[in-house]
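Structure first, commentary second.
Order as written gives the chain letters A, B, C and D; numbering starts at 1 within each chain.
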Amino acid sequence: MGKQRLAFLADFVEAITRRARGGEAETLKALARPASERARVACAVLMGRIGDAARVAVAEQALSAYGELTDDEKVEFFRSLRDDHGVDPQAIRNAYAAWDASPDAKAVAGLFRAVEPSRQALLRRLNLAPGATLRLVRMRQDLLEAIREDPDLAPIDQDFAHLLASWFNRGFLTMRRIDWNTPAAILEKLMRYESVHQMQGWQDLKRRLALTDRRLYAFFHPATGDEPLIFVEVALTRGIPDAIGPILTAPESADPAPADTAVFYSINNSLPGLKGVSFGNFLIKQVVAELSAELPELRCFVTLSPVPGFAAWLRRQDDPRSKAVAKALAGDWQNDPDAVHAMHPEVEALAARYIVEAKGKGGQPADPVARFHLGNGACAQRLNWPADFAPGALASAHGLMINYLYELDRIESRHEAFVRDGAVAHGQQLADALNR
Amino acid sequence: MGKQRLAFLADFVEAITRRARGGEAETLKALARPASERARVACAVLMGRIGDAARVAVAEQALSAYGELTDDEKVEFFRSLRDDHGVDPQAIRNAYAAWDASPDAKAVAGLFRAVEPSRQALLRRLNLAPGATLRLVRMRQDLLEAIREDPDLAPIDQDFAHLLASWFNRGFLTMRRIDWNTPAAILEKLMRYESVHQMQGWQDLKRRLALTDRRLYAFFHPATGDEPLIFVEVALTRGIPDAIGPILTAPESADPAPADTAVFYSINNSLPGLKGVSFGNFLIKQVVAELSAELPELRCFVTLSPVPGFAAWLRRQDDPRSKAVAKALAGDWQNDPDAVHAMHPEVEALAARYIVEAKGKGGQPADPVARFHLGNGACAQRLNWPADFAPGALASAHGLMINYLYELDRIESRHEAFVRDGAVAHGQQLADALNR
Amino acid sequence: MGKQRLAFLADFVEAITRRARGGEAETLKALARPASERARVACAVLMGRIGDAARVAVAEQALSAYGELTDDEKVEFFRSLRDDHGVDPQAIRNAYAAWDASPDAKAVAGLFRAVEPSRQALLRRLNLAPGATLRLVRMRQDLLEAIREDPDLAPIDQDFAHLLASWFNRGFLTMRRIDWNTPAAILEKLMRYESVHQMQGWQDLKRRLALTDRRLYAFFHPATGDEPLIFVEVALTRGIPDAIGPILTAPESADPAPADTAVFYSINNSLPGLKGVSFGNFLIKQVVAELSAELPELRCFVTLSPVPGFAAWLRRQDDPRSKAVAKALAGDWQNDPDAVHAMHPEVEALAARYIVEAKGKGGQPADPVARFHLGNGACAQRLNWPADFAPGALASAHGLMINYLYELDRIESRHEAFVRDGAVAHGQQLADALNR
Amino acid sequence: MGKQRLAFLADFVEAITRRARGGEAETLKALARPASERARVACAVLMGRIGDAARVAVAEQALSAYGELTDDEKVEFFRSLRDDHGVDPQAIRNAYAAWDASPDAKAVAGLFRAVEPSRQALLRRLNLAPGATLRLVRMRQDLLEAIREDPDLAPIDQDFAHLLASWFNRGFLTMRRIDWNTPAAILEKLMRYESVHQMQGWQDLKRRLALTDRRLYAFFHPATGDEPLIFVEVALTRGIPDAIGPILTAPESADPAPADTAVFYSINNSLPGLKGVSFGNFLIKQVVAELSAELPELRCFVTLSPVPGFAAWLRRQDDPRSKAVAKALAGDWQNDPDAVHAMHPEVEALAARYIVEAKGKGGQPADPVARFHLGNGACAQRLNWPADFAPGALASAHGLMINYLYELDRIESRHEAFVRDGAVAHGQQLADALNR
């Protein structure tokens, strides 16, 4: 930094520590510097030799200034995180040499210290500000978008991901049931975050959590307060459902017999900034445990899931059979029961092939939802076609849905076979369709 | 591992995943293996290719088995953490070579991944078990003791320290006022943890938190629930107190004039396993903020602190003046007002020298309590002798106590001067005594 | 009761006490008797010699059976309350004779016991059932409707009123602020209960309680849980508002200057069954106290109230002046600023006369809302015309609204003058209008 | 009241309403009148024509002034309640005449209004002050003591009893389990209120509620907040215990078999001012319900109760057999196993006679504890002698204790037989002893 910069820096620290007492958030604006400069300088100060209490105030300034940045300025900010808060190459060389000479645990520790980018410490210090954790999650969301434009920023996401995975460790999460006695502010968030089967307002929301045969559970983290991190919607039914319509619109079941099946029909991650921090698996397992204890009559835990990649995959196939099905599906079959009946075996056959055999990156199942549930140790139990007539579902999956079955005593072995051999557990219906 | 080991391992995973459903904690005992083996194997399994849900059960097994270990077995366990859960040297070499060839952020990220000991991931996975965080804090306490016997274990403490500092980030802590409406289970812990001025039972405790002129505040962390991590006891007084006796034993002040001074007379860290994770500074600052808002008449925030290193330091001095004072203090001066009066100037002179000039490791003040408060930006305002007649205080400090003054508008500059120049802020009384 | 009745009675008690253990609510239905008989018999049993625990079960049966009654059966039930659960005339005669002979406090006590209808004890025993209090409030609502058909039932309302006034004593109520963090189930009730300025759904509700310049407070009773008994909606404004439209529809005020006025623009009693139990006065006073403490800049506490009786009163006047105004108001003046301007002085003159001089039953002000606020010690400060263009407000008050002013240091003297002399406190504007 | 009085009264109201705004409680003291006069005048004002809000302030003044009264002044105050806040004889005569002429429900209502002493309304208005309910309960405690000195005050207790029974209706109570997580302020109250088996401090308390085989439940009322109204202590055991010592002092049971018996070994009413308002029965029943649901292995619900009237009753007997036993019990038998063995059959025989046959007022069992449990529908199951060596228990019952058995399916029939026929349900052991 030049001399002028340093003078500003001194003013800055002076200003913050003086103002912090008065509780004013306007400190830096008073210095009449652009937000981009304030954000960068505050980060520099935060890494300097200031007291802990001043750090809280400086962290607040840094995050506030960040909040005022334009998209372009954010990219600049991330570049500064990458370039100004990295490592000291000479320190790495020295530490490596020491380790190379004597590769014991102590030398590893020294090397670790040299290799950890200083931006990890910076993020921890930014987290001192009130409400900082959620703001850092949102900052990472910005970063992920920025990386799409500028892949060279990718390395710094490793530091965000590393820290957030540590902070959002499952041991720190609490599950809460959400119902009609939940504060409206939380319910409103759920409506906004639901993207699998969007809600049409408060009455729709109420139907999903206030009926006796509907449940909604979410994970929360103490540092992000009333922000639901992930939530799952459950319907209690008799038998495994084969279409989403009745679940979303039906009134309460009048069946006097108790439900025997819990259907997970919508799972939503709320915060894109927590991408890669896995909650879904834990949430499903804990809901299964809670429901089993509360309702011992439940025998079957199953999803009713979308198949978001089916239509695109089908478009990419160029064998005659696939082409024929694709062509038929391009028509107006929805209102033509005969057409549905006729196409049914072929649609199932191709859908089974897509789920069981189609692979994407790293040999994983091509379908992202399949990847998630199969990785959790579930079984692709049953294809349902047509099961969802929402425009989005028609466009992405020709209305196809799947039930993934969670069988507690087979989850672990299925998970293992999936990870080790890429084996896709599937039910008899899919097996039959594959042989068609 | 040998073949037999592997067979056991398979049994183990099988057993855990089968039993986990039944909720039984007795899985491994049933396998009739010693706890030390179970703990080690569970850690190995935890790092293997098992599903997330199984991890929760395995983590529980590992921590339970650890809980059964003898001190010697714990040392063995820590050695296995060091030796079996470290790094892959070849991976380090490769990552270093890549970085050396092209030292960009991406290469740093790769190097970081190679250098992070796998035990960090292990600790994060152990944290999946219910209540694990507190158990890991206690495990670190064991480790710190083990290191005293075997310094070669020290490097792995870096991993514990690193993780705990991240988890116990100040942003995750909540401060609560503790009073007579606090659950007895928490109050009982406070009694056990108070070590500066020990409590003599429930009536003593009640005097410290239920009187209108007494306060007690503590930090809590969501993952450790009702465990107070650190707490500070406060007395509201008129003027700065010069002895601890009246504060510990006096009934409620009958003075109708409102208090003008808040005295921090006892600060206790509860969990030795959180050594080095700094809370005290934040707690004091937040209590000052809270009291200022609630009681605007308060003008002065000050401690009444012990001087634990004074007696030992004095013993080590061999100049005639020090020797004379040490000799006089060896006598029975407590019950001799004349003796006290006569010795007073000399005791103060040496105490001032101890606080202001005596240095320990790294040029820091020799006295640990002085180090803490001066590092926080406080000022050594006033010596009080004799101020504490408890046997411990007589033995360690000849009854000397100090008031450290927290002046909000000077904290930052004092902190900076202390860090930069080692300057010890002190009041006029100490300045005078130094010149004696 | 005849013999057959008695046999049934024995079965009944037997059945209840046997079934109560099983927690089944179906006891009496099993006896295959109509609900009206079950309700009456359960009341008889409740007044008999059964144990306290059995009473809980029988009270539950009585209230459940009541819940199944048709309107006509309810009238029958109330007649049975009047005729079967009254007093013993001979006991009254004896007690009166004893008192007449020696009219001391003891004799009064005896007479009181004889004169208290046994239905008061019955109602207290019905209250043993879970959730009974709210059900009894609803029963009284039915009773008030039944009395309109059959005025001879009126005397038993005295017993309901007496008991409910005692149970809903202000000392048992708690005030809560309602905001966007309140459970949706409570918010939904508010939407239903708001009848002064009806809400158009959740967005409308949110505008009334989540903006920084809007507040909503309600009284709750421990025995009726989440049922808001009465609530008041408040807008914080600069100056006294003269129309309701901006309050109901305006976005948050962007005025940087703090509000100086709190406007109570809607007060609703939720439960018709609590008619005559006065809460409104206490609620307003407590909200004034709470807002004063929180926002010291508030100078003025005022309502913006409807005038529900104005149009009907005007219709009843037959002096030429009133007739002229009534005629003009019958036209389409709403969209004719010139007409409004021309009529303004005359409308105000008559409105002032209505508020200040028109009397109803017992010499009280004719307007019910005026009665309430003037009785509370408020002052009819200002007429606003036209202020409310909602169809209901146009029909009942030609769009007129009034600000009643609550001045803490004059409330008591105004209340006293109102009660003693019927004096209607009013502002200068009304005084001027009266002289027109 | 004379003229001077009236002038004071005006000052008084003026002062209160002026001061109330300032929130000062010192209003009346400023008027320099003795507390007894202030209390009386405030009550008079409260019954006058003042506004609701002023009533809150006046009620506060009345209760504060009452709190300053000496015992003699309290008696005077109660006399004024009796004489100044009673009934209007002429109104009674008129209402009676009207009823006599036409004895319908309406006339009864009129008579009821005339006969209800105005002090009931006064008490309801006093209850407007913050925290008034508990203060009124304490006022009744004073009244009950005053009545012992001056039985002519008894009639006004009817009004207190009537109101408190209505306010403390079981429907308004909530049961809470008390354990080691309960606020210390509540636990401290329990220690003070426990009078059956007094507690020796916090360790003793902890043993009674923190061990896994101990429970403590209490009833609370919303208006009296953290004041436990009644509480019961429970031990979970195998088999029915025959002595209190092991329950009070034994460490946690190490028996791996689950408990089959819940022993209610101490029931305490906390507030003497609630005498006659029955809670105990409901509390026991609800604890039985709660424990049954939580611990299905529990088969037997039983008390271990004192027999407080046994020694006094035995002293009053003058048959030779009783005299012989009384004489033997006067000796030092406690430390003489042979003596105990020898006396055992005779002590049991007389104890059985005392429980089953001895009657007091109204033909009820002479022993008050027996009266309570038998009235609840319990059975005097087993005599235990000697079972309690505490000095009090030796003095009042020669160490005798009884197990009363609560059998859910026989409670109602036993209650009925007890009420109707005075039948004392008892077990085989007592039956045998009676025949001795």
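To be clear about the criterion, contacts are C-beta pairs under 8 Å (C-beta built on N, C-alpha and C of every residue); 3 or more make two chains touch, one makes a residue touch a chain.
Values in this document were obtained by computation on a predicted structure and should not be read as measured data.
Note: the chain lying farthest from subunit C is B, by mean C-alpha position. Taking each chain's centre as the mean of its C-alpha atoms, subunit A lies 50 Å from subunit C. Centre-to-centre, using mean CA coordinates, subunit A is 59 Å away from subunit D.
Among all residues of subunit A, none touch two or more other chains. Every pair of chains meeting the touch criterion is listed here: A-B, A-C, B-D, C-D.
Put simply, subunit D touches subunit C in their complex at residues 13, 17-18, 21, 49-54, 56, 82, 86-87, 89, 92, 96, 99, 103-106, 108-109, 111-113, 115-117, 124, 127-130, 132-133, 152, 154-156, 158, 163, 165-167, 169-172, 174, 222-223, 278, 281-282, 285, 376-377, 408-409, 411-413, 415-416, 419-420.
For subunit A in complex with subunit C, the residues that touch the partner chain are 180-185, 187-188, 201-202, 206, 226.
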